[in-house]
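Shared chain: subunit A. Partners: subunit B in the first complex, subunit C in the second.
So, the complex of A and B:
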């Protein structure tokens, strides 16, 4: 095995690209605040700009979080196939700490009334005498406010701690000459299993708290799973594309074609999970036709029709047709091509979740604002993930399933 | 008229069997079949089994399921007796497509899964009352067997390879006469 290629060195072009993306994105974000105005609405606090910032910070945080979930899942299920690409998953998962930090900053700004993404954060929304009084929100204000902040802080600390600990144990095991009783692996199995329990609850509740509460009057019990499937597929696409790219650069030569094939299968399968949940949520609401539920899709149907159809076809029909055959899942070009498209598709999905509740009917279609914010967070994400990859050798040592993974065939 | 020798190469483990398969194939000998007590990962390309075409069947069965479901629901819900469910009258199929999707999906999966299973059973002739086609019953316990049908010249070469790679037994099971077609 080529030992030189075990330690990742960021190619200067990739580093330049990530920095360039951040600079372009920052310029766009700055310009957004100058251009995003509505003369007739004095209460309009650059809502579209802030909504874009939220979409970007949430989408990439979610990728890190879902990668951490996937990592924990491999441990809890004692799965061996992904051991050779585990360092890539870890590298992506470690972004979660950056992601939640940015989100925390965003929420604090919201509480300080700098932006108006969450209507329930508006002061006076629950006071009967106030001009902002909202009966529906006042009835459930107990769930928000202090209780919301406690939950938010707990999610952030919990996820960051689990990810940090999972990765730390994995790296610690590398330092030993020989881990005879697999002590670190056993620790991680326990940790992974606990993380599954924590994640199962918090992935749903956090998506209600942070994303669904944008449409404070509306609720859907499927929403948590819908968001979760979206973040899972985005994370899998990211991991697959990173693996393929690293292999192209000459790293990860020990990753078999079968492992890549399996990653392709995951992309294919979770695309369907996402479609299933997206459609289930839509169909149940469409069929029962209850006004307070239907209003959610009415806004989307009236002002976001093109986006809604695009998201559905790009994230469902496109991967279904492109990734159906075995050969396409083993073809690096195909995986990169399909991966890029559905990665963008799922960003558009987040845009479609966030925008109607914030910008509403003032939406004028996708523009440089969405692109700018996407580019900034993409640049930051790439910068952080590539730096994480350099922190440890790309192949784990002392992992009991390493041998199995090196000979993985399907 | 050609006469072929039936040879059973019996191994005690999968590793020497795979080794023997590789060497046999490298010297141009066609392996008729391999019998093992458990599935061996990645043996297909080594033995020279062509890739399964069941995926193509699955696709065709799936499409059939989609079409059948669509036809059925169109006939029942739209054409023969238009139903009005939940204030959504079925004047045309496309009006209420969301309501038809779950059944379309289930029917596609049903037809693909059952079609694949039935195709597999028929193709392998695993029908009720079928006789076991096992050349040596010990392959269901702990023996690994390579089944060969070869002419005299190849038989000698195969015998050498089998013994060299650690076959526990090389059994000659009589001859097979193949009538020329013309």
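So, the complex of A and C:
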């Protein structure tokens, strides 16, 4: 095995690209605040700009989080196939600490009334004498406020800790000459199982707290799982594209075609999971047509119709048609092509979730603002993830399933 | 080269050869039945007969014979229907989803799980055909040419989607099961001594010759059917959940229903597979193939699906409060504290708390504990459907329509009858069909047999 190619060195082009994306993105974000105004509405505090910042910070944080989930899942399920690409999954997962830090900053600014993405953060919203009083929110205000902050901090610490520990154990095992009793592996199996438990609860509650509460009146029991499926597919696409790209650069030569094929299968399967949950939530609300629920899709139907159908069909039909055949799941071009499209598709899904509750009917269609904010966070994400990949050899050592993965056939 | 890590426990215990596998699995078919088999068979047939009597009575006098009333117009019928359909899901999950995930441990249980699926769907079918009131008119559920006047099925109704979903599911499950059986029937055919048995098994095995070309087609068809069955596992129980969730009844209309029903179905199905397989491995002495590790894997699936169900229960409760909708809040208050609150707490204990015991390795590797808990889970899942249906319908929007519910003698009779029918079919199956897919099991012997693994480890040391 070519040992030189076990340590990743960031190609200068890639580094330049990530920095360029960040610079362009930052300029766009600065311009966004200059241009994003509603002349007839003095209450409008650059809402669209802030909503875009939230969409970008949440989407990429969620990719890191879902990668950490996928990593824990491999351990908990005693899966061997992905051992050769584990370092790539770890590299993506480690973004979660960056992601939550940015979100934390965003939430603090909201609490300081700098932006009004969360209606319930508005001062006086639960105060009967105030002009901002809202009865529906006042009835459940106990769930927000201090309690919300405690939960938020706990999610952030919890996820970061689990990810850090899982990755640390994996790297520690590399340092041993020979890990005869697989001590680090067993530690991670336990840790992975615990993380599954923590994640099962917090992935839902955090999506209610951070995302569903944008439409503070609205509620849907499926929302948590729907958000989860979106982040899962985005993370799988990211991991697959990174693996394919690294292989192109000459790294990961030991990763078999079958492993790539399996990554493709995951993309295919989880795209269906997302579609299934999207459809279930939409269809049931549309069918029963209960005013307090259907209002959510009404805004989308009226002011975001094209986007709404684009998101659904792109994220559903594209992977279904293009990744159905065995050959396409083993073809680098197809994986990159479909991956890029549904990556953007799922970013647009987040836009779809965030905008109607913030910008609402003032929406004028996608613009450079969405693009600019996306580019900034993409640049930052690439910068961090590529740096993470340099921190440990790309192939794990002393892993009991390494042989299985090196000889993996589907 | 295929590699299997040494830290994976063997899935076939002892020093088994291909010949041993054939002998062990065919033994119940070639041998005589034990006394225990006859005792259980008699009990099953008797309860089946009792159920048939109650069924005939219902057809004779109408569904007024049931405990259902004007408010509670769905009760045991739909509870039992959903319960049985749910049980069936494990079979499809094991045969299809675990095949796609290349889980070798599925080889020991897929055959019986698929058989269970088919019998469970048959039991479920009894309740839906009967609950229409005039089962002799049930053919009108199918979109037949318009020769009956202007009456067409209502395509907007999830009840009709159910007809298509369940019948597709049943057909695909039968085909999948049968394809897997072909090489095993051929094995029995080749060993049969009695001419009649030889003829029957020869016919059933479609002239299987075991050539490479036969195997290659066998594998291809299995994969295609697995690909077809996987969306079916999701669709069937999702559509069953739509029966409730498309309504505007508080407690029924909630968006989490589809995935939560699917998960609950797999949960109860695995519990039923465990109940049956723990008996089968003991009675037919298949301990070498259905190991403690298999039981442990199944128990882990039970923890996962049970916890998903638990998260869904809590989500429903929380969102009912969070929604601020008075009806929604009352629906859950009524379930937890109303006149039928005992059924709610039975459901919570059996479905949310009991599977968590499997976190302890001692419990999930104990056969006795597993057997008891598998039955507890199935009781819990029956109560889940009961809680969704009956307490909700007892107290809907208008307090003047509030009512109570008690099942009739006939309700209980038909339910016990389906359990008898299920038992009868399963017992007959287990004496005429190989209960373990021996042809598939043989494919993992080299990599996952205990003696073979040991030899490989020693080989690696030299």
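The rule is short, and it goes like this: the second predicted complex is superposed on the first by the 410 of 410 C-alpha atoms of A that agree within 3 Å, B and C clash if a C-alpha of one lies under 4 Å from a C-alpha of the other, contacts with A are read in each partner's own complex, and residues count from 1 in each chain.
The working rule: a contact is a pair of C-beta atoms (placed from the backbone, for glycine too) under 8 Å apart; a residue touches a chain by one contact, two chains touch by 3 or more.
Here the structure is a predicted model, which means the values were calculated and not measured.
After superposition onto subunit A, partners subunit B and subunit C are found to clash with each other. By the document's definition of touching, of the two partners only subunit C reaches A:401; subunit B does not.
Using the contact criterion defined above for the overlaid structures, shared-chain residue A:409 touches subunit B and also reaches subunit C.
By the document's definition of touching, neither partner reaches A:271: not subunit B, not subunit C.
The larger set of touched subunit A residues comes from C, when the choice is between subunit B and subunit C. When the two complexes are overlaid on their common chain A, residue A:287 makes contact with subunit B and with subunit C alike.
When the shared chain is aligned, no partner comes close enough to touch A:97: not subunit B, not subunit C. In the superposition on chain A, contact of A:315 is made with neither subunit B nor subunit C. By the touch criterion defined above, A:220 lies against subunit C but remains apart from subunit B after alignment on the C-alpha atoms of chain A. When both complexes are aligned on chain A by C-alpha atoms, subunit A residues 287-288, 409-410 touch subunit B in the first and subunit C in the second. Across the complex, subunit B meets subunit A through its residues 41-42, 55, 59, 86-88, 98-99, 101-102. Residues 1-8, 100, 102, 231, 234, 238, 242, 245-248, 253-259, 307-308, 311-312, 315-316, 319, 321-325 of subunit C are the ones touching subunit A in the complex. Within the complex formed with subunit C, the subunit A residues making contact are 78, 80, 136, 139-140, 143, 182, 185, 197, 200-201, 204, 208, 217, 219-225, 265, 272, 276-277, 280-281, 284-285, 287-288, 290, 292, 400-401, 403-404, 406-407, 409-410. Those residues of subunit A lying in contact with subunit B across their complex are 279, 282-283, 286-289, 324-326, 409-410.
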